[in-house]
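Below is one structure. I have some questions about it.
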Amino acid sequence: MTDGSAPGFRTLGELESVAARAVPPSVWAYVQGGAGEERALASNREAFRRRTLRPRVLVDVERLELSTTLLGEPSAAPLFLCPTAYQGLLHPEGECATARAAAGAGLVGVFSTLSTRPLEEIATAAPSGRRWFQLYVQPEFPATAQLVDRAERSGYSAIVLTVDTPVFGIRDRQAEGGSVEASAARGNGPGLQPPPRGPVRSAQGFSVPRGGTLTWETVRQLRSVTRLPVVLKGVATEEDARRAAGLGVRGLVVSNHGGRQLDAARPTLESLPEVVRGAGPDVEVYLDGGVRRGADIVVALALGAKAVGIGRPVLWALAAGGAPGVANLLDLLTTELANVLALTGRRSVREIDGSMLD
Amino acid sequence: MTDGSAPGFRTLGELESVAARAVPPSVWAYVQGGAGEERALASNREAFRRRTLRPRVLVDVERLELSTTLLGEPSAAPLFLCPTAYQGLLHPEGECATARAAAGAGLVGVFSTLSTRPLEEIATAAPSGRRWFQLYVQPEFPATAQLVDRAERSGYSAIVLTVDTPVFGIRDRQAEGGSVEASAARGNGPGLQPPPRGPVRSAQGFSVPRGGTLTWETVRQLRSVTRLPVVLKGVATEEDARRAAGLGVRGLVVSNHGGRQLDAARPTLESLPEVVRGAGPDVEVYLDGGVRRGADIVVALALGAKAVGIGRPVLWALAAGGAPGVANLLDLLTTELANVLALTGRRSVREIDGSMLD
Amino acid sequence: MTDGSAPGFRTLGELESVAARAVPPSVWAYVQGGAGEERALASNREAFRRRTLRPRVLVDVERLELSTTLLGEPSAAPLFLCPTAYQGLLHPEGECATARAAAGAGLVGVFSTLSTRPLEEIATAAPSGRRWFQLYVQPEFPATAQLVDRAERSGYSAIVLTVDTPVFGIRDRQAEGGSVEASAARGNGPGLQPPPRGPVRSAQGFSVPRGGTLTWETVRQLRSVTRLPVVLKGVATEEDARRAAGLGVRGLVVSNHGGRQLDAARPTLESLPEVVRGAGPDVEVYLDGGVRRGADIVVALALGAKAVGIGRPVLWALAAGGAPGVANLLDLLTTELANVLALTGRRSVREIDGSMLD
Amino acid sequence: MTDGSAPGFRTLGELESVAARAVPPSVWAYVQGGAGEERALASNREAFRRRTLRPRVLVDVERLELSTTLLGEPSAAPLFLCPTAYQGLLHPEGECATARAAAGAGLVGVFSTLSTRPLEEIATAAPSGRRWFQLYVQPEFPATAQLVDRAERSGYSAIVLTVDTPVFGIRDRQAEGGSVEASAARGNGPGLQPPPRGPVRSAQGFSVPRGGTLTWETVRQLRSVTRLPVVLKGVATEEDARRAAGLGVRGLVVSNHGGRQLDAARPTLESLPEVVRGAGPDVEVYLDGGVRRGADIVVALALGAKAVGIGRPVLWALAAGGAPGVANLLDLLTTELANVLALTGRRSVREIDGSMLD
């Protein structure tokens, strides 16, 4: 717990229901909603629910080792905080609160181009923490490069390029109910662009205004302007994983953007095995989407993930209790992970392997 | 938008709920209902919901090409408007409104023998549009031939022979609630016959009054009296697809009549692969039944369809907003199709193939 | 319609809901209930719902032939009326009404040992009809033989020995709500015994009072005292089907007693294929349990059944409208069967085969 | 029935609903709840519901033999009473009532280290009964050995070591609603320790205070201090079953602690086959979790179990009716087992084999 008194939430369910009452309905719809009919949103979670574990017994689990490394840096557990945008909608301290809680827990926080606080301020809020910077490419590459440069100077230790958002997905719930997103302040500068809405129809057909700015060439350019390791977020196929590995990418996040982009996307857990195959031994693979329990983390690791990202629950925790709320959440998740290790007879996250699954 | 102000519906769900309030309950039951227990109706949609897509990333999707050809004619997107009967029940302008919206969108409209407006008037309503004529064979072939001749003279460019209706299906919802269908005006002439109800029981057993009028021989006869390409609507097996191809049929619509005929019918998406096999390379295969989202179109094309038909949503849109409503619908569907192409890394509908599916 | 005016029910759902209001709750619970948690009851129906048909098109279906033979006798359609007990609970005329409706429809009625009317009176009620007699073996074989003799003399043309009832199943719904069964009059004589309840626990363990009276030896004995063909009702395995065939049994009803005996029983549709295999070419196989639609009949025939039995719907129809109600039901079922034949491109029930299924 | 008048509950559902009203909500939550989201709790039961039986007919089932042996001792049926803790929460007589009912039914009762009555008193309550002692290892081995010694002197005939509880599982329902467990009196001595909560986080990471006290070495130690057969409760894999067999363990209970430990655990019925394989011919395998019906017992035996354990229903019965309530429950279960044997054509539990399953 980094500051304040411990709020004492006992389950993620409590965090979610307190948060639902703490924020305006339009913000809650923005947080909880997904693309289209919200099939991907639901199926991410269902994919975990279908998996069961084979527990081993009578193992000495007196000491349980959760720590791992992410891109060579230590992490107290195989999980990180996802780069959700506009955290100031949930709590006045926004990303600064999240950063303090992540640092207190020894976990990597990933912060969005579309944060409500400037990336430098987030860094200052928790100087001892490890931070990665999530990048939405900008219409002109110099603006992109400038963001990367700011992140590098502020001590962010990796660039997480989101690749599943050449345009925003179509989100029925937001379309019907109105969106709060546009009115949220952009901490990294008012000129920063989110991914384009669209495609836009014209006399010549459909076009995405900045389609050409998010391609494999972008990855090459990005690598050329930073010494930081580059992670691609939103890869879902073996083919793309292999190509990324060939370009020197260091990590891949199997993600469908929390079910907010392509409603017909596969559950991330089902995409994970082929991405692991394509990534090869030198590229770390992470996963986000629907992770809510300690056992989910174990399942993802058993299928080859190095770590998992936590998205919406961090927003719930922020709304429910600010930095102490997020600390509470991270404590619940890591404690349950330790519990699952003990109950499956694994002393360390390194002992998690495919034999735990049917 | 072809006329009036844009109604601004944001989702198909909005169109459906507005339409539900705009028409009498008996009309709504007629539109929404299906055969029997409505298993086929529900399973058409469920079949799409079970499918997921494998998205590719970092493709330059600045320009997105939705256009294709149907029987050699250009179509702005791989979709067409299904020949639903009695559109005047939904809006006073009926098929004329639909025709204007289809023409405005650059899409083929298929119009029913049982339209509420004469086929000539529909043609005049949108002279620039492409139209196909859906044919219910009449008890006597000369009446059938006369309909075909009228369609040909009015610029319809294909004849879509419905083959899944030797008799009407048994529809519990309509049977229990009464039917509006019989009282709807037949624009193509008061003497025009819908498919027979039945079979009818007599002392000699069950018989279908005009069974003999809808056979493969009918297809041969039809081909002999028109220079227009013939499409069969309602084919669901490889065997029938192969036979149709052998008779010079140019297109097949995999359809179970929107779940209104045989309640035990397979979902059309599950029939599609074998029909594609049977059709061979020279016959175009289309599909209707349950298409509601951009991703559904992609899934059908990935399984071999050349285009998909939109049925009930057009009726919702007609009821909710007339021609502008239908234009709104077509805009939502094509925009979402473009969005799905962008999010799966395909620049053109021609790049859709089986590798997009698991 | 054999007597009275046609009641005009349009669906089985209407019959069921009218019946539910027409009889006392305890009778309704007896009719609708099943064994245990009513898993078998529900799964019988679900098994049909999982099956879909491959329709052929453009077949001349002007004349549709539903008639078949059962044990060499003509039947207007491949269906018969199941031997449900105590039909007098549903309508004062009880089995006599059912017999008249069955005869009027040209279908076999099977009547229970536990009818509320004497078997002779049932025969007299519809002298032109074909009837089979359902036999519950009695504690002493002479009583059994006497029943068979009465049936034979009264013109019943087959004996249907129920074999799935060495004891009654345990029925939670009836156990909790009280049972009407015991108080129903036994038309075939007050001394007639239903199958035993039990097993009964004693100091020596569990025993079924009359276990020894229902064995393969019973079948031999039965065959020795009657010239009528013997049918076994309640066979569910290939092994038992083969043994029955070896003993000269002429027909088998794949049945789980409408889900009233063994709650963990397979759906009858899933047992059908192995029973057909075991029965061989000389033994007819029928099925009951969950048949509610014309397509269900086609599915069962496609899997090898010669005919199907209708159980609870006959009771609904009796309660809702007496003999005219049952006639109405049989008309709905056969008309829908004819409709499904037309819609799947089959001119006769003899053309139903496995190619109709996936 | 061992004492009092028979309460006459007719189904387990009646026992459950009476019990729900008889105890305080916090006790009911403790009894009914499970780990996490209660996936394992629900799936144990669902696994039985997915299984169906192949019934044989025309077998002479006049006498039905339910008796078997457990570790060489006679048991009236292939079932035993699970060692649920703190039975005094449900009824003032607690485990003594259970012991009397078990003895009256000729079944083994397994009693928990965490009983509310001393193990000696439980033995005295039903001196003729067979009892096994469930062991939670204590922080120091001498305390464990002393418990075993007391059980041995009091005539318990086996030691059931629970191995799935190095720590307690995380139970959302209890966490959110408060727990009654801690306040329950420990009959075997106030100093007795339940399994530890945890793991506990410290500066050095997570640790389980007494992890080292529950390992394969514990099994060896236990075997060295008792002549009683040792059974391991909570084994779920072939590997652990094989290792247990190699150490001279005599029985294994496939269990996930009634869904109260690892929420992601497999249903016990799905773990059973591999444990049977690993156990080999000399080690008896039992199963608990979700057994509620006679058919469930048959299914478990058909998959290789020697007997099944009944957990929560015993608590319902205790709360609903004390010892007579439990006797009522055991009568319902064994009577239904006998009924299922009769209806599947098996004269004895020894005739249950894999051919009963699909």
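In this document, chain identifiers A, B, C and D correspond to the written order of the chains, with residue numbering beginning at 1 in each.
In this text, contacts are C-beta pairs under 8 Å (C-beta built on N, C-alpha and C of every residue); 3 or more make two chains touch, one makes a residue touch a chain.
Treat the numbers as computed from the prediction; the structure is a model and nothing was measured.
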item	value
Copy-to-copy rotation for subunit C and subunit D - C-alpha atoms, rounded to a multiple of 5°	90
Interface sides of subunit B and subunit C: same vs different residues, half threshold	different
Cα-centroid distance, subunit A relative to subunit D, in whole angstrom	42
Mean-CA-position distance for subunit C and subunit A (Å)	60
Junction residues of subunit D - those touching two or more other chains	none
Each pair of chains that touches, named by its two labels	A-B, A-D, B-C, C-D
Of subunit C, residues touching subunit B in the complex	10-11, 13-14, 49, 51-67, 293-295, 298-299, 331, 334-336, 338-340, 342-345, 358
Subunit B partner contacts - residues on subunit A that touch it in the complex	36-37, 39, 43, 163-164, 166-167, 169-170, 172, 175-176, 198-199, 201, 204-212, 214-216, 218-219, 232, 234-237, 239-240, 256, 261-267, 270-271
